[in-house]
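A quick write-up on the structure given underneath.
Order of writing sets the labels: A, B, C, D, E and F. Residues in every chain begin at 1.
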Amino acid sequence: MDSGHIAWMIAASALVLLMTPGLALFYGGLVRARNVVSTIMYSFISMAIVSVVWVLWGYSFALEGSGEFIGDFSKIGLSGMDINDGEGIPDLLFVVFQMMFAIITPALITGAFVERFKFTTYMVFLVIWITFVYAPIAHWVWDSDGWLFKLGALDFAGGTVVHINAGVAAIAAALLVGKRKNPGLESHNVPYVVLGAALLWFGWFGFNAGSGLKAHGVAVNALLVTNTAAATAALTWGILSQIQTGRMSAVGVASGAVAGLVAITPAAGSAGVMGALAIGFGAGAICYGAVLLRHKTGLDDALEVFAIHGVGGIWGAIATGIFAVAAIGNTAGAIEGNVGQLGIQAIAVIVTILYSFIATFIILKILDLIPGLGLRVSETDEDQGLDLSSHGERAFVDDGAD
Amino acid sequence: MLKIEAIIRPERVGEVTEALLDAGCSGFHYHNVTGQGQQQGVKVVTGRGGQIANRSAVPKTVLTTVISDEMQEKITKAIVDAARTPDSGDIGDGKIFISSVVDAVRVRTGESGEGAI
Amino acid sequence: MLKIEAIIRPERVGEVTEALLDAGCSGFHYHNVTGQGQQQGVKVVTGRGGQIANRSAVPKTVLTTVISDEMQEKITKAIVDAARTPDSGDIGDGKIFISSVVDAVRVRTGESGEGAI
Amino acid sequence: MLKIEAIIRPERVGEVTEALLDAGCSGFHYHNVTGQGQQQGVKVVTGRGGQIANRSAVPKTVLTTVISDEMQEKITKAIVDAARTPDSGDIGDGKIFISSVVDAVRVRTGESGEGAI
Amino acid sequence: MDSGHIAWMIAASALVLLMTPGLALFYGGLVRARNVVSTIMYSFISMAIVSVVWVLWGYSFALEGSGEFIGDFSKIGLSGMDINDGEGIPDLLFVVFQMMFAIITPALITGAFVERFKFTTYMVFLVIWITFVYAPIAHWVWDSDGWLFKLGALDFAGGTVVHINAGVAAIAAALLVGKRKNPGLESHNVPYVVLGAALLWFGWFGFNAGSGLKAHGVAVNALLVTNTAAATAALTWGILSQIQTGRMSAVGVASGAVAGLVAITPAAGSAGVMGALAIGFGAGAICYGAVLLRHKTGLDDALEVFAIHGVGGIWGAIATGIFAVAAIGNTAGAIEGNVGQLGIQAIAVIVTILYSFIATFIILKILDLIPGLGLRVSETDEDQGLDLSSHGERAFVDDGAD
Amino acid sequence: MDSGHIAWMIAASALVLLMTPGLALFYGGLVRARNVVSTIMYSFISMAIVSVVWVLWGYSFALEGSGEFIGDFSKIGLSGMDINDGEGIPDLLFVVFQMMFAIITPALITGAFVERFKFTTYMVFLVIWITFVYAPIAHWVWDSDGWLFKLGALDFAGGTVVHINAGVAAIAAALLVGKRKNPGLESHNVPYVVLGAALLWFGWFGFNAGSGLKAHGVAVNALLVTNTAAATAALTWGILSQIQTGRMSAVGVASGAVAGLVAITPAAGSAGVMGALAIGFGAGAICYGAVLLRHKTGLDDALEVFAIHGVGGIWGAIATGIFAVAAIGNTAGAIEGNVGQLGIQAIAVIVTILYSFIATFIILKILDLIPGLGLRVSETDEDQGLDLSSHGERAFVDDGAD
């Protein structure tokens, strides 16, 4: 064990945890004022529920055992894991670090169905989705016995497991829950959006630079390329916004930063700084376009989960196959001549899309049919706002008018 | 007694309240509203920065003051002069509505009528 | 000239303003208030989530428009239709108060009377 | 029908609304405004804590209720009693303005006149 | 010295510092809009005052010397402490880390008396309370010469010193300052409450996982159990709220998280993940009940400092005696057969309660009597709100209405 | 390479990044509600633009080569930098850490011209200013070939490069852009100001304790003195505010904390805790006075960039010459008999002031004259607020009134 690696990985775990409240603010600022508490709670409750599921069975299902498709029951309740087990870092630290990824992934999905999804059903969904969608995909990609891992798919920090997965699940959810009755034209609180994006950016350093599980050169490279891609994508998006509307939307720049962070995620362990510039530029331009296209469809993926996390994740996974540098991550990409890597990346992408969409769709469909659950709040509750109807609280209460 | 309600641009509140004080009006109150009229509205960016929309409703401030009948002209003139965009005025500079007030009561003293305003 | 003040549900502002425009009313403004009436109020959670209280006051929006006398019926009908909860209406749908206005002045031009509204 | 508009201290809203209910007034609404009158205003610190300025405008709350003519005295008395600072009242306790209302309409039922208030 | 330990402990110190602004937001969101600045400032000024007191004499009184009851004057002004002194980590780093605990403890108390306590008196209180209440208790529990330490009381990260201490002092303060004239029914800003709780959760990783002063297995265990207890308590509280009111209060879930964090604090160095689930569940249920009970009393402990930090701390201290695992912290708990530990824990709890209550009561009573000080603002100032009357500032100023 | 040093420096880099959103909140709370988004964006966009400039050429110009006055083209695009290069920490980590300093410096300047500066021009300004003002001064002071470095000027974490530089550039900018038409009397959101200051304080631990590039005793000393100076200055400022106005302004206390952090920045690697108390006290008192003086001038340095960063930086640079302790930073200060150090510090200060003012003035003057650019928005845009006119967004949108 190495105290330096442990030091960094504890800090990295804390940073990734903070991403979920960051997301809560980011999403919370984008909705109407009557749904802020609800939107924030979708994320915050994931910290509570997924943490418990993870130590009870989530970790064991996701990252233990020798199966190709799913873990096993050997570490249920983290049984038999001693604080001194592990090399480099304690195994329990790996459990915690991975937990933070499992927390934020379903929180990302909620952007698709904010302002109308039933909170109690969502809590049940969290438990089931982590078990049947997140755990298997994490096993495929990150467990050394997982079939995508063995195939050689590169996904340093979760482009497929986290982002494509959440982005595609978001489509399934948006389809099933239906459109908002009366969506707001503007974000209700732009400072929350920008502050949330900043916390995401900050936490993402833990996400990506922690995914090597060590404080070493690869972590530093991940730090550098993460920042570079975020910055490039934010700038690209901002400039496109300026060109098209004559104004530089703050929400746009913040969204660009997130898109860049998404796209660099799978590549953070293998792309260099030039690759990061390219990936960031691509993420800014492609996801910007994806948002505009989404607006032309009838799909009310309210906070653009697919356009940013889905599309950004796909672009990132493919780009990893293009820009991977053997000197950094030991595997070359297409530019260095290993064109075959592109095919492997494509397989990982397609399989993740298919599995995530189908499994999420089925889960939600069943939840919709169970009496007492159901996906959508009543029309009156939606009109009144979910803050009052689901949580009994208004976000903002003034003096005098109390 | 008359009630003057002036819908003005938020950025002109300072000028208008100064003008009111100068004109001898010692009491008023104001609050922000969302207004819609001939003004084109404001351009707001939507779609994560990729689209531009026209929100017809624009932020305005409503200033209310109750005055005695004979001050009507002086006060409306003061408001109009201070609220109008310099030079020739712009669409959206606002409107003034005048209505009559039956009585006024000062809470502190309980006195009513003209003396209370 | 008449002043129409409609106290409506905040979530119906969109419908009501559209109805007003359709009915030919070109100017109005609105702001949020806290209202209390026959409506039961809203249930709010207190005591850190362990208690539920009834806050009798509920969020409402007041929409104000000044119109010419002959438009009274058309405009009130438009508001009532758009502000009422579909089907048979619900307690808390709101009220409309109508009062008379002595004069109106357009700040931009200084013109007054019917032409200013 | 009369419209009562009471400008009161925000911290007295609770007392005043209770007094209104006690006096038999079942409907009202209120919102926060910025007011200016004889009251000295509030002292605010500026210049990063190094200077003190007088902001003449102070936070007030305007409470509006429409009542039938015969309730005027009862209601104004209720408001005055509840809104006045205990003992002899303080500058800034507020004012009440009374104006007449032509008609009222209840959105839910469409009924109008006295029955709607 | 070990660069890995130093790396983690600098980061941990920064994390604990951030808890105080986190608390400021948490508390600030719960009060009325006219008292936000005041509530935030109670916490923020503690960063200023306690930091200075700590380096001047607080540290020396708390954690130096060979007395059983209080430190000595040997390290006044940190005199004679060299940057190279220390083993594992520099002694000065221990000074800083401990300082952050001293900063947040009195800030916790302020929840009892927000919306009415005189700010200038509070500043004097901070200096005196740290000196005469915090420093001795810290010495008893954490100094290797302290009598509770020698007795074998387990308090890894401050269940007694920080939480019971603050919770009990809060009762004394609430009693003496009296009830608020006109408390608000609702929190004025729920997003602040949740964001504040999230920052507390994030910072608590430093608080608990830093309390081993090393980047090692025990720190990792602390990280894991801290997160687990927070999550379990948040979920428990949320579910109770849903059952009782039909709505899942966000303020409730956030309060539950804090209760879980409080309860795991003394146990973080000795309980395992199963113990953490139990402790978290207990914290959620017990503190929830304590809040409801408090509402039945006449005591205006406005932000539930006793119900959460006091009761949560007591439960945590006792639970440490129950769930301690010898393989983690070298001391067994009742479940592992060492029932005597429960008695030791009980002594630590009772002594802390008595000392903290009596000493705080006396200090405040004296401050109340000193001319020019006094505990409570005038009625007019309370009506107007403390933001304007104590700080000359309104929290929120709109355009137009400026 | 040392994993502990790497662990700390990755965390430190993340902390410094977070300072820029912290600054965004701090500044954003101080302006009028109609200019919040704009004010936040001035800072946030710096994260996007300067990150890109830094990896492309900024780093190479600032910190490479053997010239005395400026770097060279050798590391354009970070070419030839391998993830395994470096001693102690990877060279790329140094690149990232330094990048965060380059991001925040121009963001500091924006406080001078908020509520009226043209956003598109500002973006161009960022690119040019980093290249022609920041990079050279950084080279002089921090590159071992730089002339001020060779002269022996002490500037541990950027008193000259960051704070004096930004503070003086702010005067040039305020002069050229002119006064605001209608400045607000009060801050629009005090909680943002305090939270922003708290994030700055938190991040500053990375800024100062990271500037030794190691997790060692000097870093710990930097941590301690940074906190001490911030606290002392906050307290000093608060007490002065209380004495002068009878109220303790929260904005004042927050400003004091920032002033203390500024002043300790150059001294963090050489002053001890007693020096930190003196430096913090001086910063609180002097910058407080500077703000009052500034109000007597006609200069609309809107958010007191010069009075806090300029004056605080100058005081800090001089104080470093006074309070430097040889046992900490190897160089003695005036108190330890090395009076000559004061002269060296003075030279560094004066040269930075002159270069920064003249170069910034020229750059802005040119930008003002270029057709299509220009420094100031139109009067209508200023009246309407920059949030809508530059960004097409309102910061806060209520329900009902949407």
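Keep this in mind: a residue touches a chain if its C-beta (ideal position, glycine included) is under 8 Å from a C-beta of that chain, and two chains touch if they have at least 3 such contacts.
Because the structure is predicted, anything quoted here is derived from the model rather than measured.
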Partner chains shared by chain B and chain D (touch criterion as defined above): A, C, E, F
Which of C-E and D-E has more C-beta contact pairs: C-E
Superposing rotation of chain E relative to chain F, computed on C-alpha atoms, to nearest 5°: 120
CA centroid of chain A to CA centroid of chain B, Å: 48
Chain centre separation (chain C, chain D; CA means) in Å: 19
Chain A and chain E: spacing of chain centres that average the CA atoms, whole Å: 33
Multi-partner residues of chain E (each touching 2 or more other chains): 2-5, 7-8, 11, 34, 185-186, 215, 238, 245-249, 251, 253, 385, 391-394, 398-399, 401-402
Per-residue multi-chain contacts in chain B, two or more chains: 10-11, 14, 30-34, 43-45, 49, 52, 57, 59, 99-100
Arrangement of touching chains [line / ring / star / complete / other]: complete
Chain F partner contacts - residues on chain D that touch it in the complex: 43-53, 55
Of chain B, residues touching chain F in the complex: 9-11, 14, 33-34, 42-45, 49, 52, 57, 59
Partner chain C, residues of chain E touching it in the complex: 185-186, 237-238, 240-241, 244-249, 251-253, 255, 288, 291-292, 295, 304
Residues on chain E engaged by chain D in the complex (per definition of touch): 34, 182, 383-385, 388, 391-394, 401
Of all residues in chain A, those that touch chain F in their complex: 2-5, 7-8, 11, 15, 32-34, 184-191, 194-195, 198-199, 201-202, 205-206, 209, 214-221, 223-224, 227-228, 230-232, 234-235, 238, 242, 245, 247-251, 253-254, 256-257, 273-274, 277, 327-328, 385
